[in-house]
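Paired with subunit B in one complex and with subunit C in the other, subunit A is shared by the two complexes that follow.
For the complex of A and B:
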C-alpha cells in the first residue's frame, strides 16, 4: 500500500512537472530565451534596396500577443540601421517582409540583415543573412549609369581589388567642396555628393583615381523630372483633341527622353523634344478635363486643361486659294476646306493683300465661307494675297495663313494727271507729275496738251508730248488768261483731262509779301491763312530762289491750311521760294510767298567781295559789295567787324542790318590792324573776309599841310640865317662880290696906275656893290624831289650896273664859279643845302667877269675841281675856262688883282 | 588642349606638303574629343585592347613599305572609328549634333587619307584596300557601362591621333625622298 502510495506520489509529481513544463512550452520561452523565432529567411535586393522575408517558427502559434521582430542592418560589419516589425497574433504563421534602401550600392560592400523576435522581455537568438559586396579584379565605381535628381545627395563607392591603393574620388564638373570621401572598408571607399547641377554633356563622370595613376569610373545621369507647363488643348478637325505644352530640358535627352501620354492612355503620345500631340475624341459641347502625363526616369508630372472643344476650334488654313475672276479693279478669290465640318461653321476670314510691301487686310464673313471679292484694286497691278480664317463665335485662334496667291489685274485708262504751271521769261510751262505705275495703268503712249484763251474757248490748240516728257513750254500772250488741258494716253485709252487756268501776268496780282521760313528735319512746315477763294484747295509750289528750276508742287485739300513740304531734291544751304496758291475755279491765286532754307549752312569764308577799307580820321571803314543771294547759304542777320591789332587785342563792331555794305571801326589808334568782317547767321558767324591796314597819325592832306609849313619855316630860317651872316660879313662879301673896279687907265706912268687901283679897290662904296651881276637860273628838273619855291628861277641879283657891255668871251663864268657856290663855304653856311636846291639848271648868266676874286673862288681846274667842289654838279659845256692864280696872300688883305682876270693896259714901263 | 597644341604645332611644321586630310583630321580628333568628352584626368597609357597594330618587320623597311604598313594601320583605325560610331549610336541613338558632325568629318577625312596613301604606294604587285578593317565585335570596356564606352572611344581616338601623326612623319619622308630622286 505504501508502495502504491509512493508510486502514486511519483506519478503526481511527474504529472505536476509535466504540467509545469507544458506551461513553459506553451509560452515558448525557457529561462529568458524565446523559442518562437524566425525561419526561412530570404534576403534579396533590388537596386539599392534590400528585401528580407521570413516566416515564424511553429512554436510561435501559441503566442497570443504582439510579437516583435528586431532587425539590424550591417554594412561591412558596421551596424548601420535598426528597425522593428510588429506581428500581431493573427499574422503569425504568415510570411513577413521588410525592406530598406541602402545609401550605398549593394555592389560596394556587404550588406547584412540580422533578425530576432522579442516577446515579453524574451528574445530569440539572432538570425542573419548577408548580401556580399562585389569582388572584382579591377576597380569599379558604383552605382553605374544611374539617374539622379538635381538636389539629391548621393553616395558613390569605389571598390578596389586587393592590393590596389586608393587615390581619390570625385565628380567631373563638381568642386571638391561639394564632395566628401569616406572609407567604408579596406576595399571600399565612398564619395558622398550633393548633386547641385545637371549633367552638361551625356552624363557626369564619377572618377575613382588609383595610386599610381589609373582612373576608373561610372556615369551618372543628373537631371530633372519632366518640367512641363502651359498645357492647352484644342481641336482642329472637330474629331480629335490636340494639346500643346512647353517643355524645359531635363538634361536627360539621350538615355531617358520624356514620354507623354494623353488622357491616361497607355500609348505614348509624344516624346521630348516634341511639344504637342493629338488623340481622337468625340468633340461635343461640354467641358472636359484634358490630362497630359509626362514622365522620365526621374519622375512623372501630370497636367490638365479644362475646355469645351467646340469653343476651341483652331482651323486649318484654306486650301487651294485661286483668283477665279480677275478684272481691272476687282477680283474674286475662292478656296476649299480640308475639314468638311468647316462648311457648317460660321466663319470670319481675313484676306491680306500685299501690294509692293504694303499690306492691307479685309475681312469677310459667312457660313462655310469659301470665297471673297476684293474691290478697289489698282489696274494693271500685281497683288499677292493670303487668307486665314476662324470661327465667328467663340474666338479662339486664327488659322495660319494660307499659301500665297498672286494675280495681276487688267489694265485701264490712266488716272487724271496732276498738272501745274510755271511762268518763266514770258513762257508758260505746263508741267505734270510723272504718272506712277499705279496711276498709269499701262504703258503711257503719249500726252496730249490743248490750250486756249479763256475768252476764245472754241479755238483750241493741240499738241502731243512724248511719253518721256512731262512739261510743255508755250509762248503765249501772258497778259491774258489761258486754259491748258493735259491728258495721258495708254493702250486702254485716254485719261480724264486735267485742266489748269494760267493767270495773266498782272503784276498787281502777284504782289505779296515774302516771309522768311526755316525748314526742319529736311522739310518745310508751311501754314497759311484760309482763303475763301480756295474752293478746290491749295497748291504749294517751291523752287530754288535763284537760277532755273523745275517747279515742284503739292496739292492740299480745302480744309487744310498747313503742309509739310518735303522733296528729295531739297538741299541744305540753298534758298527756296515757296508759294501758296488758292485753287479756284479759274486761275490759281497767289496767297503767300516764303523764302527760306530747308537747312542753313555756314557761309564759306571770303564772302565779301570788293572788300576794302578807308581811314577816316581815327576811324576805319570797311566796305563791300552787296552780298548776292547765291552766296548766302543761310539767312544773314547782320555783320560783325573784328579789329585785331598787333597786340592781339580784339575789338568788334556789329550791325543788325543784313543789307549793310560797310562797317566802321571807331576810335582806333595808330598802328596796324587786321579787319575781319563776318556775317551773323543762325548757324554762327561765317563768311569771314579780312583786310590788313595801318592807321597813320593824320590823313594825307594834313601831312601835306604840315610838310609845307615845315618847309616854309626851314626856308625862312635859312634866309634869316643867310641875312644875318651876310650882314655880319657884309664888308667881306662886298669886297668879294664887288671888287674895286679899276678905272680905265689910258696911258699913264707906272706909279699912278698901281696906287690908284689899290685905293679904288679898298674904298668901294656899298651902292656900287649892289650893282652885282645877275645870275639867272632857268627852271630845271628838281633834284632829290625838292623844288625851289613856286618853281621860280633862283635869282641871285649881282648884276653890276656898269658891266653889261663887257665882253663875255673870256670871263663867262661857269655855273660853279658862282659866288654863291663858293661863298657859303667860306662864310660857314652849309653848302649842301644849296646844292640840293639847285637843279641841274642852265643858267643864262649875264655878268661881267671882273668881279671874281681869285683868293675866294676855288681854283677851277677843268675836270677835277668840279668834282671836288660841287658834289657831282656838272656845269654846262664850256669851251673856255677861268684860270685863277691863287696867291698866298693874307685873306684879310685887300683883294689882289690878277692880271689875267682884268686886263689892264700894259704900261710901257712894264 | 595639350593635344590640340601638339597637333597644331605639327601642322605648322609640315603644312607645306601635307596631304589635305591629315592635319584637319588630327586637329579634329583632338578638339572634338576634348569638347565633347571632357575629362579632368590625364592621358592614360594606350592599352592593348585598342590597337591598330602592325606586324613587326625584322629589319627597317623602306619608306614605301612604311607607308603601306601605315595604310594598313589607318585602315584598322577606320574600322575602330566605324565601331565607335556604331556603339555610340547604340548607346545614345542616332543624333545630329555638333559632336556627330565632327565624328563624321573625322571618318570622311580618314577615308580620304587612306585613298591618298593608297595612290602613293600602290603598285602592280601590291593592292591596298580602303575599307574599314575591323569586325567591331569586341567588348568596349567590360562592365564599364557608359563610362566604359567613353573610355574606349577615348582610346580609339588616341590611337587615331598616334597613327595620323605617324602618317604625317612618314609621308613627309616619302615626299622628300621622291623629290630627291626626281632631282637626280
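For the complex of A and C:
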C-alpha cells in the first residue's frame, strides 16, 4: 500500500514538473506540436473565388510573436495552391479571412482548403474544409453565361454523370491549336483556351461532346470593355449639356450593352448604340469638366471634356419659316425660335436660295434675328430657301438647315433683248437671242421690230414677229445706215427696246486681215487689241466659214479684250469664221477676223481630186486640183509624196506650201511605184490619195528621135572632118591609091573617028583605055557595088557599126572582069547626065546618076546589117578607112569606101 | 379521313391554304444562334421544357393517317398554341432587335393559322381542346439552354408546318369532294 502511495506520489511529481516545464516555455507548445491553432473554419464561395474565415484557438492568446497560418488548396485532391497568412499578436483573437480565385468554376470539381498554424518551427495539425463539386444527372459545362475579355486565358470544365464517356470539348469558331483539354478527375474534364476573338453571334458556345454523340454546352460572352473616344460637349438650349462621342463595338451589343452616365450621375444617360445624351445643367460662362462614364460587364471607362458652354452653343434650326411678302424682285422671310434664349443672342443666319439647281447663300445679322429680306430675285420665278443660324460670337457650329420653303415671285415685263445682225444675200437679218425663262418673266406674246434710216428717224417702219420666231430679214438700202429696234411683249408689258445700227456697205469698213485660230477644249480663246471706238464693249460673232448659217454672238464688256467662245453647235473639223466688232454709239465696227477649227480632225483619205502623175525623165510628178475648204477638216501645212517601189522601199518628198498642187519624186529607177500624197496637218498626215505607175526606159519615140538626131549630127561632123582631111591630103592619097601612069600616045584611025588627036585633046582619057570603070557615088545615096581592077575586087560597103570590113560571102559576086575593049570615057560629061551601058554578056553594069539608088547586090550574108544599111542611113565608125594599098598587098581583102567619095582617074598631065 | 356532315365555311377553307414560310425566318434565327447551331448535323438533346410540351410531329405516318379529322385537328391546334406561346417567349427573350421583329411578325402569321384551325374545328362541329399550360412558371435557364430550346422550338415548328400543310391539303380535297 505504501508502495502504491509512493508510486502515485512520483507520478504526481512528474506531472507537476511537466506542467511547470510547459508553463516555463509559456507558449503552450510541447514536443514540436503547437496547441495554438484555428477553429470555426468557414469555407464559402463567390463565383470562382473561395473565401475562408477562421478564428484562433484560445491557447493562441499566449503567443507573443507573429503567428503564421499555412493554407493549401486542393482541387480534386490535388494540391493546387499554397499560401501563408501572418497574424500579429494584436490580431490574435479576431476572425481571419483569406480568399483565392480558382482557375476552375467551383462546380467543376471539389475545392478543399486546409489550414494549420506555425510558430517557431512548431505547427498545428491541418484543419480542412471542402467545397464539393456539382453532382449532376446530365453533363454540364461550367462556367455558364460568363463574360470574358478578349486576350484572357480561361478554363472551362465539363462535368459528367457517372458512367458517361467523355468525347471532346471545344469552343465554336476556335481552332484546336488554341485549346487544350485535360482530365481533372473521373467526372471532370477541363478545356483551357486563350480567347483571341470576340463573340460574333449571340455568344460563343463551349461544347462538351459525349461518346456516343450528345452535346452539352454553355455560353461564353467574349468581348471588350467599353471603347469610347472623342467626347465633345455643347449646349443647344442654354439649359442643358449635350455630349457626343464615338464608340467601338464591344461585341456584347445585346447581352451587355454599354451604359453611359454623365457627370457621375447614377441614372443611365444612354445605352449603346446611342452616342449622345444630354442632362440639365446650369449653363454659365465658366469652364467645366464634363465627364462621361461608360461601362459594360467587362469594364468601365471615363472620359472628360473641358468647355465653357456659353461658347459652345449649337443652335436648333429656325422653325416655321414663311415668305411673308412676295414681290417680283424681292421677298421677306420670317421664322421663329423654339428656344426663347435665342432671342437674346447676337445671331448670324444664312439663307440658302436654290434656283433651278444653283445655290446662292446670303448672310443676315441681328440680335434674336427672325426675319430676312431677299433682293435681286428673278420675276415669275420659283425659289426654294432654307435657313441656318449660329451665334455671332464664339463660333461653334451652324445649326442644321431649316425645312425648305418654296415661293414664286410675281411677274414683270421681259428683260431687254440681246440683238445682233447678219448680212446675207443682200438682206439684213436682225436676230435676237431667245429670251430664257429667267429673262421673259412670263409668256412672250410677240416681238415688235421697227427700223428706219439714221437720217430719217421720224419715219419708222414697224412689224410684229410671232413669239416662236427670233429673227427678221429686211431688204434695206445697204448704202445707208439703218437703226433697228426690237422689243418683246408679255402679259406684264413690253421690254425696253434693244437697238442696233446696221452699217452701210462700205467695202473699206470690212477690209481686215484674217488670222488663223485653233480652239482648245471645245472652245476658242480669242483676244484682240483694245479699240478706243468700243464705247459699249465688243461683239464677237461666229459662223461656219462655208455655207449658210445662223450667226451666234457674244457681247463682251468694254474693259475686256478677250473671250472664250463656246457654243453647243461647235463641231470638230468644221472651219469657223470669228469676227470681233467694236460696239459703238453708231454701227458696229469690224476689228478683226479669224478662221479656225475648234478642234482639227484628220482629213479623210482620197482628199486629192484629179490626182494624176507624169514621168519626166527619171522624175515623176503627181498633181492634183487645189483643195477646197470644204474638204479641209484641219489646217493643211504642206504635203508629202511617198514613193513605194516593188522592194517596199519608201522614199518621200515634201513641201511646206499648203497651196501646192503638185509634187515631184526625183531620180527614180525603172520599175513600178505606188505614189501616195498626204496632207500634213497638226493632227498628223491624212487625206491619203494614191496612184500606181511604172517608169519606162528612155527608148520611147521621143527619146529615140532625140538619139537619132544626135547620132546623125555626130556622123555628119565626122564626115566633114574626114572630107577636110582628105582634101588637104589629096596629093598623098592620090599618090598612094592612084599612082601616075605614063601617058600613052595613040595613033589610030579607029572606029571612033578619033584619028589624030592628042591625048590631052581627046575626050577619052587614059582611064578609059585602061578599062577602069568609074564609079560615081553620090552622097546620101548609098551604092553597093563591086568593082574589079586586075582581078582585085573592090568592095564598097556601108557597114553598120560593128560590122564594117567583114567579108561578104554569098553576096560577093565573082570578080568583075571587064572585057578589054575600049570604052570611050565620058569623063567630060556631068555625072547627072551620064548614062552608059556596057555591052557585057555576063554583067550589065548600069551606071546611074548619083541621086538614083543602086540596086546592085541586093543580098548580103549579114542580113541585119544589110537591112540597116538599106534604110538609107548607115552610121560610120571613125575607124573606117579607105586604103588603096591594101589591094596590092592583099588582093582578097575587102576594101571599104565611104559612099560620098568619088574616085576619078587623074590625068597624067595633072 | 372521315367525311364531315357539316360543310365548312368557305372562309375557313380559304385560310387552309398555307400562308407561312419558315425558310427566311429560320435562316436568320439560326444565324443569330451561331455555330454549331447553324451547322447541318448539330443536334443538342431536346429539352424537356414547358415550351416544348407539344404533341410530337414525329408520329409515324400510318398512325397519323389512322387518326380521325377531329383528333388530328385537335393535335394541330394544340401544337400551334404551344408553339405560338414558345415563339412569343423566344421573341421576348431575344436581345437582337432585328430577330425580335422577325419573330413577332412570324407570331402574327402563326396566330392567324391557329385561328383558322379553330374556326375550321368549330365549323365542323368539333370541340376545341383546352388551352395550353401557362408558361409563366418557367425555371430560369442559362443562355445555352435557351439557345437549345429555341433551336428545338424552330425544329418542331418546321416539322409541324410540313405536316399541317399536307394535312390541310388532304382535308381540303376531301371536304370539297
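The rule we apply is simple: the second predicted complex is superposed on the first by the 629 of 910 C-alpha atoms of A that agree within 3 Å, B and C clash if a C-alpha of one lies under 4 Å from a C-alpha of the other, contacts with A are read in each partner's own complex, and residues count from 1 in each chain.
Basically, contacts are C-beta pairs under 8 Å (C-beta built on N, C-alpha and C of every residue); 3 or more make two chains touch, one makes a residue touch a chain.
Computed from a prediction, not measured in an experiment: that's the story for all the values here.
Colleague: If subunit A is used to align the two complexes, do subunit B and subunit C fit next to each other or clash?
Modeller: In the arrangement built by aligning on subunit A, the partners subunit C and subunit B clash.
Colleague: Is A:714 touching anything from subunit B or subunit C once the two structures are fitted on A? First, second, both or neither.
Modeller: neither
Colleague: Between subunit B and subunit C, whom does A:46 touch in the aligned arrangement: first, second, both, or neither?
Modeller: A:46: touches no partner chain.
Colleague: Of the two partner chains, subunit B (first) and subunit C (second), which one does A:535 touch, if any: first, second, both, or neither?
Modeller: Touch status of A:535: no partner.
Colleague: A:461 in the overlay: touching subunit B, subunit C, both, or neither? Say first, second, both or neither.
Modeller: The answer is neither, since A:461 touches no partner chain.
Colleague: Would you mind listing the overlap between the subunit B footprint and the subunit C footprint on subunit A?
Modeller: In subunit A, positions 138, 141, 144-145, 172, 201-203, 205-207, 213-215, 217-219, 254-255 sit in both the subunit B and subunit C interfaces.
Colleague: In their complex, what parts of subunit C are in touch with subunit A?
Modeller: Listed in rising order, the residues of subunit C that touch subunit A are 31-37, 42-45, 95-96, 142-144, 147-148.
Colleague: Where on subunit A does subunit B make contact in their complex?
Modeller: 138, 140-141, 144-145, 170, 172, 201-203, 205-207, 209, 213-215, 217-219, 254-255
Colleague: Which part of subunit B faces subunit A closely enough to touch in the complex?
Modeller: 36-42, 44, 91-93, 95, 142-147, 150-151
Colleague: Inside the complex, what are the residues of subunit A that reach subunit C?
Modeller: 138, 141, 144-145, 172-173, 199-207, 213-219, 253-255
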